[in-house]
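A, B and C are the chain letters, set down in written order, and residue numbers restart from 1 in every chain.
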Amino acid sequence: MNVILKTEKLRVEYRSREFRQTSKVALQGLDLEVGAGEVFGFLGPNGAGKTTTMNVLLGFVPPTSGTASLFGIDVRQPIARQRIGYLPELTYYYKFLTADELLHFYAKIFGIARAEADKRIAELLKLVELEHAAKRPIKSYSKGMQQRVGLAQALINNPDLLVLDEPTSGLDPLGRMKVREIIQRLKDEGKTVFFSSHELGEVETICDRVAIVHQGELKAVGTVAEISAGHENLEKAFLKIVGFQNSPLP
Amino acid sequence: MNKIFAVAGVVIKELYRRKDFYVLFVLTALLTVGAGAVNFFNDEKIIRYVKDICLLLIWVSSLVIAIVTAARQIPAEREARTIFPLLAKPVSRGQIITGKFLGCWLATGIGLLVFYFFFAVIASSREHTWPLMTYVQAAWMQWCLLAVVIAMVLLGSIYFAAPSSTSTISFVVVGGIMLLGGHLKVLALQQAEPVQSLLIFIYYFMPHLEWYYLSDFVVYNMGAVPWLKIAAATLYAATWTGIFLLVAWFGFRRKNLTT
Amino acid sequence: MKLSPLLALIALLTLAFSLSVTIAPDASGWSSGKKAGNFLGLMFGDGRKLMASQFFTMADVYFHSGYYPSVFDKNSSEQKEIISASHGRKESEEDEKNEDFLGKPKDWIDAFGRNFKITRHTHLESGNEREILPWLRLAADLDPQKIETYTVGAFFLKDHLHRPDQAEAFLREGLRNNPDNAEILFELGRMYHETTHETDRARNVWELGIKKFLELSPDDQKENRLVFEETAVNLARLEDDAGNYDRAIYWFRQGQTVSLDPGSLDVQIDKIQKKISAKQP
């Protein structure tokens, strides 16, 4: 397997600023590998360490110890992110820019030449169905439109690895279908997709492999079939792995 | 460098799409024209007080724009969380800091050009002269001061969470240096130890921003300052700008932005 | 019963108008003491005197084209309003030019910083003195009781800018705000005598000034001693020029009563007495 995303004994500890409060360990020695061309689901309950892992991979948070690399390059080097695209869960884009300006800005960051950027942006705007609104400021967009802008900026550099943070969260069924189609298309093109999600039904459908983290530790990793073995479905397996037993409803 | 200019471009776009600059320019223009319209002893040739008022307004406006814009760069990006899609791109935190600085500095420079052009029109309407070198020097030195101020404010914004705190502290510091900077040693010698030593230390190790106020040369038609002195002052400003940006980078590069 | 908002507004406006009409005649008597009845005075309140003083200093700064000591500079405690001391007195101008409030540079920072400061001592001339007028105008508006504003302003208007009519108007404005002020009357008389050569008007104004001076309390007379001496001496010279030697001697003797150097006036009296002797057959 050609590993393009790797963490080795990755540990992240947040020191508390409160007096006499101990530090909080968000990740405890996480070992993870994602191969080229995989669609990899990263699962876990809230507070498990999924977001922290993504924050480390994307350079938002420095690791306390251990290593993380993308395409063999340490994540602390900006060049490690040259071939990745990132779609955050919530839309965080400059509201005063138009979609066109925002995409051109990110294209410049990737070092894409102007002519090529113009062509690529036109294609992306068509893909996410925003051609008609490209010259309007993002602050005038609806939530759905802002999420589509997010998808466009994540694909601006034709990434080999796409990192998605709960990509279908807050989307209507049509939107979720659109995202699934794009993920499938990327997979067909040989791209790698690494995403976190709570929608286990979707994960079951599209992922090649999944990992389940809980309380900062990797609890299980493998194909959907391997993890679901002995259980009705992935959801039941997930609940068992994270230690949630059947309990009466309140 | 392209990445730095790309970040700078976004800063400039943001500044000119906000209303701050236009409001301050219109205010400056109105107050200047108003001051010039007042009749003193039926003498239409009186101009220096108009120049003085106009230059003072330009100074205040440019400092307000520079400080307020720089103070909100990093904190606003963190609060709006726009910093995350940016950091997820192949751009380093040093490039972001440099780009933010460059954007603020270029934006205030464009603003200064507009302000000084307006000033030149007002002054020449009565004086019928264009002491271009003096105007250029005054604008250039003011722009150099703004570089130091912007770098200092960016540094402050890394450590103070709220843009309002950074702005307030910056205004106080800049105002204090402009008014007292050249006289701090005289004040220090009047104090007892250890205050005296502390003030003398500050005097030698603070940026002397009061050097950059050349309005008197413009108002009183004193002619140009030797270019060698301007070059030395420029180098001094560049040094302090570099120091502040370097310290800002040290503080920013390993900062956990998710908390 | 529901009251319509529009009716309520009309009722309130009517009430406000009625109250203002009723109270207005009494309201003007509520404020005690003199105050500037203009916009600036209203805006600044009692701080206007401080502002007026600051604006007067600005006139001085402008006169010296920015070369002016700050509170931190050498001799700042001896800082006088140079603009008022300099008019018409050559000695004080020379002294002033010899003053170097900056002194030697304290260190390299001070030395380098002086490249960006005004360090040349100059005075405005050739009509550029007009630039100080706005500050004097503002100072007068804010503090109409500051006499020096009028006397300095009139000096520059008549002697440097050759506008005696405006100088007279400014002095008369000062007189309206400070009725019978001896110093303003002296300057007005000086203008009539030296600039417009209206001897009779000068005499009348100066004699009025003397009369008003004598009506002052002993303490006020002591404070304005110099004005009395100058008025008396100038009256003496006026009468001397007019050939009224007895009156000239009379005024010189009046000046001697307050002069710190009565001997110098004795010399003047002797000269006049010689003229009287020479005229007698």
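One rule holds in what follows: contacts are C-beta pairs under 8 Å (C-beta built on N, C-alpha and C of every residue); 3 or more make two chains touch, one makes a residue touch a chain.
As the structure is a prediction and not an experimental result, all values here were calculated from the model.
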Seminar exercise, completed: Relative to chain C, largest Cα-centroid distance belongs to chain A
Problem set entry | Chain closest to the assembly centre - both centres taken as Cα means | B
Seminar exercise, completed: For the pair chain A and chain B, the C-alpha centroid-to-centroid distance in angstrom is 41
Seminar exercise, completed: Here the gap between chain A and chain C, centre to centre from mean Cα coordinates and rounded to Å, is 79
Exercise. Across the complex, what residues on chain B touch chain A?
Worked result: 2-3, 5-6, 9-10, 13-14, 17-18, 80-92, 95, 254, 256-259
For this session: Would you pull the chain A residues touching chain B in the complex into a rising list?
Result: 14, 51, 55, 58-62, 78-82, 84, 86, 88, 90, 92-97, 101, 105-106, 108-111, 150, 153, 163
Exercise. So in the complex, which bits of chain B are touching chain C?
Worked result: 38, 40-43, 45-49, 141, 182-183, 185-187, 203-204, 208, 210-214, 216-217, 219-220, 222, 225-226, 229, 232-233
Problem set entry | In the complex with chain B, residue positions of chain C that touch it | 62, 65-66, 70, 72, 106-107, 109-110, 112-113, 115-118, 120, 127, 130-131, 133-135, 137, 157, 163, 166, 170
